[in-house]
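For reference, the structures are reproduced in the following blocks.
Below, chain A partners chain B and then partners chain C, in two separate complexes.
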Partner chain A sequence: MSVSVSNVFLLNAAAGKAEPAELLHAITDKQLADWEAEWAPELLSSLQRLHRTGVARARWPQSRHWDWRRKATALQGMLAYPGFSVVCAGVTQGMMILDVATKRCRILSQGGKNLVYVWFVENAPWNRKELFDPPRYRGVGSILIRAAIELSKDLEFQGRIGLHSLPQANSFYANTCGMTDLGSDPDHQGLRYFEMTPEQAAAFIAKGGKT
Partner chain B sequence: MSASKKTMTLNLTDTEMSALEDLCSKKELSKTALLRQALRLYQLVEDRIEKGDKLFFEDKEKKEKAEVMML
Partner chain C sequence: MKIEFTKDWCMSMAELEADAEIGAGLVAIDPVFNGETVAVKSAEESIVAFSRFVQLARRNRGLTIEALAEKADVEVFELVTIEEDGQYKPDLRTVYQLANFFDVQRANLLQVAGLIAAKDTHIINEAVRFAARSESVAALTAEERAALDAFVSVLSEQK
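Right, the complex of A and B next:
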């Protein structure tokens, strides 16, 4: 099966300039190999650094236990759960799995319409500001959210997306993405639920998804 | 964003077409979008049931659950 690819750009923070990257409309074996061989060792050494410098566990990356190979393998071939990834400099910089079948809007004005639910989204460890200052590449999260919006439009969901946010990402979804914060969800480990209306999606795209 | 697509002809009875059009109106989706969504859901439900899971409808107010029998 061929993988659809879009050309995008990431900001190389050290160089202060844009760098060409690719948005893959899939999570392939290459991404999972990158996760195992590049992300996992970097995450482990970052966690060791945080631990040794006395940083509280509450401030460690909350997605640190995610197993992308297990997730991708379990969902392989399922139309309801498409995956996306961003590659730059030959290495996977971010991955995302969506649920496009089972979730409905919670914002009353949207009348329970279908949306694209962002199930899992994660940056490579070196792109995370809580681990690296400055992060290597900026813009991965915005590109993946933009991809979720575009898929929502392609499915005729008009750009509606929703997600439960890990606490470290609340500000990104509220401020950078301009999503509506519907508060803590007791059915989802108390994580805050955010939703984007078609109007908010259009506003996000209009500003170029800039951080 | 869109992947290449293939075209098919679908034969429906008047009743089926009426149901499809009602759903399209309610969901604000085209017939194609609605049927693609139905396929995604059907594949998901079949996959879970093949793995031994059960499908339930729950009445949140009455706290009642009813299993959906998939044939």
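Right, the complex of A and C next:
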């Protein structure tokens, strides 16, 4: 099966310039191999560093237990749970799994309409300041959120998306993405639930200037 | 689906995003689908029922495949494939459009079409029973009509 690819750019933080990258409309075996061979060892050494320097566990990455192979395998072949990944310099820089079938809007004004729910999204360890300072690439999150919005539009959900943010990412979804914060969700480990309306989706895309 | 990104957009957003954390999803939990293997197997069986449902519901309304494609805003070729290939997994949007047109619950039809893990074995069992009761011949028999009506009522159940 061929994988659809969109051309994107990431900001190489060290060089301060754009670097060509690809947005894959899938999570393939190559991404899972990258996760095992590149992400996991980097994450482990980062956790060891945090541990040795006495950083409290509460400040360790909350996604440190995620097993992307298990996630992808569990959802293989289910078209209702599409995946996206960003690849730059031959290595996977970020991954996302969506649910396009079972979630509805919680913002009252949206009247329970369908949305694209971001089930899981994660940056590569070397793109995360808490683990790697300065991070290698910037912009992975914006590209993946834009992909979720575009898929939502393609499914005629008009750009509506929703997600449960990890605590350290609340600011990104509230401020950079401009999503509505519906507060802590007791049914989802107390994570804050964020939702984006069609108007907020348009505003997010407009933030980056000419698309 | 191909998405057009300009270099300027990517760079502007990278500057805005800066070093922000972006993680979302339940902490330390991977998706676990109870009875997943069984559900997927059942879903494969029920795709036959999805194929049969589309065919009978169309005939029940006296529509040709072409007319249904136009009214439900789906591709003619995909409708033909759905009706003739009982193992074909339809496009998500097509199932949405058909659920809207035939006025049944989207989530239920998605399960029958095998696009989401079957959470409700009742629906899958009914789907298999429906497939067994119906035949893909020209006119709807009284038995077929009764089977179709019964299955539509199951598909229309609100959760």
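The rule we apply is simple: the second predicted complex is superposed on the first by the 208 of 211 C-alpha atoms of A that agree within 3 Å, B and C clash if a C-alpha of one lies under 4 Å from a C-alpha of the other, contacts with A are read in each partner's own complex, and residues count from 1 in each chain.
Convention: a contact is a pair of C-beta atoms (placed from the backbone, for glycine too) under 8 Å apart; a residue touches a chain by one contact, two chains touch by 3 or more.
Model, not experiment: these values are computed from the prediction.
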| item | value |
| --- | --- |
| Joint occupancy of chain A by chain B and chain C, clash or fit | clash |
| First (chain B), second (chain C), both or neither touched by A:Asp187 | neither |
| Which superposed partner A:Ser6 touches (first chain B, second chain C, both, neither) | both |
| Larger contact residue set on chain A - chain B or chain C | C |
| First, second, both or neither for A:Thr102, with chain B first and chain C second | both |
| First (chain B), second (chain C), both or neither touched by A:Asp29 | neither |
| Partner chain(s) touched by A:Asp154 [first = chain B, second = chain C, both, neither] | both |
| First (chain B), second (chain C), both or neither touched by A:Arg138 | second |
| Contact residues common to both interfaces of chain A (with chain B and with chain C) | 4, 6, 25, 78-80, 100-102, 114, 147, 150-151, 154-156 |
| Partner chain C, residues of chain A touching it in the complex | 4-11, 18, 23, 25, 61-67, 70-71, 74-75, 78-81, 94, 97, 100-102, 114, 118-123, 128-130, 134-135, 138-144, 146-147, 150-151, 154-156, 163-166, 168-169, 171-173, 176, 188-189, 191, 205, 207-211 |
| Of all residues in chain B, those that touch chain A in their complex | 1-3, 27-30, 33, 36-37, 39-41, 43-44, 47 |
| Contact set on chain C toward chain A in their complex | 1-33, 36, 89, 91-93, 96, 106-107, 110, 115-117 |
| Partner chain B, residues of chain A touching it in the complex | 4, 6, 25, 78-80, 100-102, 113-114, 147, 150-151, 154-156, 158 |
